[in-house]
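As written, the chains take the letters A, B, C and D, and residue 1 is the first residue of each chain.
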Amino acid sequence: MASVSVQNLSKKFGSTVALDQVSFEFEDGKFFALLGPSGSGKTTLLRMIAGFENPDQGSIQIDGKVVDHIPVEKRDIGMVFQSYALFPNMDVQANVGFGLRVRGISASETKRLVGEALELVRLSGFDDRRPHQLSGGQRQRVALARAIVTKPRVLLLDEPLSALDRTLRLEMEIELKRIQRDVGITTIFVTHDQEEALTMSDQIGILNEGQLVQHGSPVDIYENPQSVFVARFLGEANLLKGQVDGSSVNLEVGGTIQTRSKPASPLVICSIRPEKISIHKEKNIAPSSSNQIAGRVNEHIFNGTSLTYLVQCGDQVVRVFVQNLSGELIAPNTPVHLSFRPEDTLVFPDA
Amino acid sequence: MNFLKWTGRTYLVCILLFLYVPILVMVALSFNESQLYRLPIEWSTRWYEALANNSKLHSATLNSVTVAFLSTCLSTLLGTAVALAFFRYHFRAKRLLQILIFPPITIPWLIIGTAMLVFFFWVGIGRGLHAMVLGHVALSLPYVVIVVSARLKSFDSALEDAARSLGASYWQTTLWVTVPWLMPGIIAAALFAFAVSLDQFLISYFLAAPGVTTLPVEIYTAIRKGFTPEINAISTLVIILSMLLLLGVSRFYRFGGRD
Amino acid sequence: MNFLKWTGRTYLVCILLFLYVPILVMVALSFNESQLYRLPIEWSTRWYEALANNSKLHSATLNSVTVAFLSTCLSTLLGTAVALAFFRYHFRAKRLLQILIFPPITIPWLIIGTAMLVFFFWVGIGRGLHAMVLGHVALSLPYVVIVVSARLKSFDSALEDAARSLGASYWQTTLWVTVPWLMPGIIAAALFAFAVSLDQFLISYFLAAPGVTTLPVEIYTAIRKGFTPEINAISTLVIILSMLLLLGVSRFYRFGGRD
Amino acid sequence: MASVSVQNLSKKFGSTVALDQVSFEFEDGKFFALLGPSGSGKTTLLRMIAGFENPDQGSIQIDGKVVDHIPVEKRDIGMVFQSYALFPNMDVQANVGFGLRVRGISASETKRLVGEALELVRLSGFDDRRPHQLSGGQRQRVALARAIVTKPRVLLLDEPLSALDRTLRLEMEIELKRIQRDVGITTIFVTHDQEEALTMSDQIGILNEGQLVQHGSPVDIYENPQSVFVARFLGEANLLKGQVDGSSVNLEVGGTIQTRSKPASPLVICSIRPEKISIHKEKNIAPSSSNQIAGRVNEHIFNGTSLTYLVQCGDQVVRVFVQNLSGELIAPNTPVHLSFRPEDTLVFPDA
């Protein structure tokens, strides 16, 4: 349990900039997600905190102490790898106990601590299994137990769920969050999957091209993205181009709308989340303060819990998300009216 | 479809006919009373008794095994370390080394043996057991590096990262994680090296000091002088040793097929 | 960490000292005027000229290459088919075959050669080029099967399913999809087989008919009779051939390291 | 373009029953999903239709003609494999053209058809690339182009999206559906991912332990599952045990509720979809005809477009799905009331 602080970290691999002046404070006991597309530098940052990579510039502190020259094995971290990286020649007991054995803990104490860790990840009784006898989800749990049994100061997770299929992943997301909360360990989680980041973390840091472009709580970033990149990368966003006319915006797809903040440039991109849009067959059903645009249903995607309508508005397709309350659908080719509140209409300068 | 199954059977016949039948015939003849290849076989152990009294053969066997053992230990240790160095580091000499590793396999041993003979003689290393061990290590090292490297190819280096993140030092990681994982490859490599050493008759022949002889040299000389069933007897013993070796190898070194 | 780098360098020194320096010395001496190992080296091509006039050596070389070529073709074809049969089918003899494939590698060639000699003589196959080709095929087949099988291990059999779903017959699938994918392995295997065949001096020695000799036999006999620099010259030529072979192999058969 | 009919297909591997008397009609031009957990026999069924496996019993017809003894290469099918299975030694042009080359089509005609197919999958200009130079999504498109360029009668897809990450998969789901609709080819799609099946197909067949347990349109199966297995496997379901009391059910978690149909046994399991439940802080906000149960919020999972509340009701956790309209959350530990309509409350006998 410790805070981690990184200051001005930069790293180049050859001529590729992997990290560019990244500074961040990871507070004690919180769950952080580092989110970014591949090549954004998120894994490099994690491996630097672990000690596998050395920064070209900048410094890393754990609990206020500079660790730049401390090798991996002395940093007292726990890490879970994308490939699980369980030792194939050892059973579950020996895998989980590895960190304790290295620290010279007695056999009986090791057995007790391993038992506790396996109970925490709900794998009691699997002590004698070999990694190849376990399912993907079970291996993930063993890897997690192994990483936390030594009570490290920081837990680092490198896309630990990407090798699991969707159903298992949803289950492990909840499980991982529960365990992190029970243990209370500072956790840094690297992922390129925005849904994982939203679902699990207390704080999200979004990286792009080696820079930290925005950070904050999931709800905060989702509701208040500060750039088109963030709006598009974290969650889905309908991006509509328009021209500013006084305090309102004339959209290219037709319609004049009000936005949350005052547009700062003459050409703008408006961003509206699919779930903030209402879809109606009749025109004047929405409050008159709403923004409205007209379109025609292209198709619907039925998802069980929800429906997504793809609505053709001018030459653009707008996605509309509707909770499946009744099982009723609007058929393709029906003309529809879309409405959304000005406070849900974000506006960014068009670069 | 049938063609391939038919090929499998042809191969079986081929193997049996040209490798195993000759070997079995030799084993059978080693228990034949007659010195000539005369049938039917009359059971006898006289050639094994003759073997037991052949003290020259005893010291040759001892020499063979000593050289094979020493060179196997040295080349397995060194070869595993080299394979690990190839796997972990990018150093300037690496590409050069990877190219240089093949010739000892493709150049006929005869030529290499001759070259070593000339060179060792010239620089004063001379002949004898120490020269033979050096020669055998140099010759079997490539096999060890290739077999261990093949095993390393499927090694997930995240295992080493994981061990280090758990607090294991460089040496603990190597000894507790990497080497146990490599063990099947290392054992197979050691058996290969042992077999290569036993096999390297010519090298031994050229490098051995006049007084020191090894088993293959003895056999060869015996054959040249006159072909006696005593040779069949000693060959039978060597085959049994080889069979044990091969069982060890196939236990640890799986290849071919999907199972 | 430094230990492994140091090992890499030791290995380089070891390789250079015990394999390459001897070979270079031999090459240098093959251009030396003096028959004795006398320095400084006086440039001369007299041993190569002597070689050019040695008709016995010419026919020996021709025999060597003929046998190596024929046995390489046969064992590559047969071995690839066997590896494919292992990969695709489960037949009763499969496990047996996979076990039987190792001994020809671990049993010293000397012993196998002796066994073949006895057997071929006994059943009337006798000696001569045809016997040598048979022997070499039997000996190099396991290398081919092992190298091609190693390549097949990483073959995705969905590729064959895909080809068939697109309308390709069994033979079209094999020739257009499987074999092209295997090509690096097949070429490496053929080069191995060629090298093995050139290497099998003893087998050739025992199996050859009195009139027919091969290059290694000639060299060996020459050495026994008296050590002349002519041997260095012919060895130099063999080394150049081997080097070309090795370049071919390392082009197609990658091993070791991560790159 | 053809219909496919399978009748009484059975297959055993050793003592394992892979398929057990499966009969089904795949209509011409439709998109079918075969959905089931691993080991349910769905892949075996697909490989039988392709001709890679022979049934122990039963018969397969394509366009009314029995194909049982016709080998794979003569069945005129297109297939896309989980691993893509692109020929690594050929470029994109040669990969896509393989089926035409085998059929002896002329070079110029092949070039034209390959060009058309690549245009359809939006990969024009990639002709000279090798598979290893393509991204996962591009490889998938090449595999698809290769499978349809010969205009096969049936297109078989073996979990073609499972190797892609979530974002790419969502994109390819839409793309695949579009292409299938454009070409109009009968398509059979095997998956273990219920969301893929719901999103893409016209008809879903659900397999379990070698048997076809239910089939129908996505909306039909989702809204009217005929067993607890189907309710749970296709979409999420809250399963609440109860005892029948006249025409109503007393739930173990507390509360008496009305169900869609009359319960058929004294002990029942009620199934309610998470999105059909409303969550309120106040009690009597729901219409009085609604079923109501009380609980306490355990935690919420924020997903961007939606929220999932895990609500503790008695000793059970009920999931409630809410569209993210306002970005407002109900905090953990708040007592809440859950309401849902009787017509959304399915009832099954408790086995």
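In this section, a contact is a pair of C-beta atoms (placed from the backbone, for glycine too) under 8 Å apart; a residue touches a chain by one contact, two chains touch by 3 or more.
All values reported here derive from a predicted model rather than from experimental measurement.
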Neighbours of chain B that also touch chain A are none
Taking each chain's centre as its mean C-alpha position, how far apart are chain A and chain C in Å?
-> 56
Give, as an integer number of Å, the spacing between the C-alpha centres of chain C and chain B.
-> 16
Chain centre separation in whole Å, for chain D relative to chain A (CA means) | 26
Which residues belonging to chain B are in contact with no fewer than two other chains?
-> none
Touching two or more other chains in chain A are residues none
What graph shape do the protein chains here make by touch: line, ring, star, complete or other?
-> ring
Checked against the stated definition, the touching pairs are A-B, A-D, B-C, C-D
Given the complex, residues on chain C that touch chain B span 1, 3-5, 7-12, 14-15, 18-23, 25-26, 29, 37, 78, 81-91, 93-94, 96-112, 114-116, 118-120, 122, 134-135, 137-139, 141, 145-146, 149-150, 152-153, 170, 191, 195, 198-199, 201-202, 216, 219-220, 223, 231-232, 235, 238-239, 242-243, 245-246, 249-250, 255-259
Interfacial residue positions of chain C with respect to chain D in the complex = 156, 158-159, 161-169, 172, 176-177, 180-181, 183
Touching chain C in the complex: which residues of chain D?
-> 50, 52, 71-74, 76-79, 81-83, 85-89, 98-99, 102-103, 146-147, 150, 156
Interface with chain D, chain A side, in the complex: residues 162, 165-167, 173-174, 192-195, 198-199, 218-219, 222-223, 234-236, 273-276, 301-306, 321-325, 327, 329
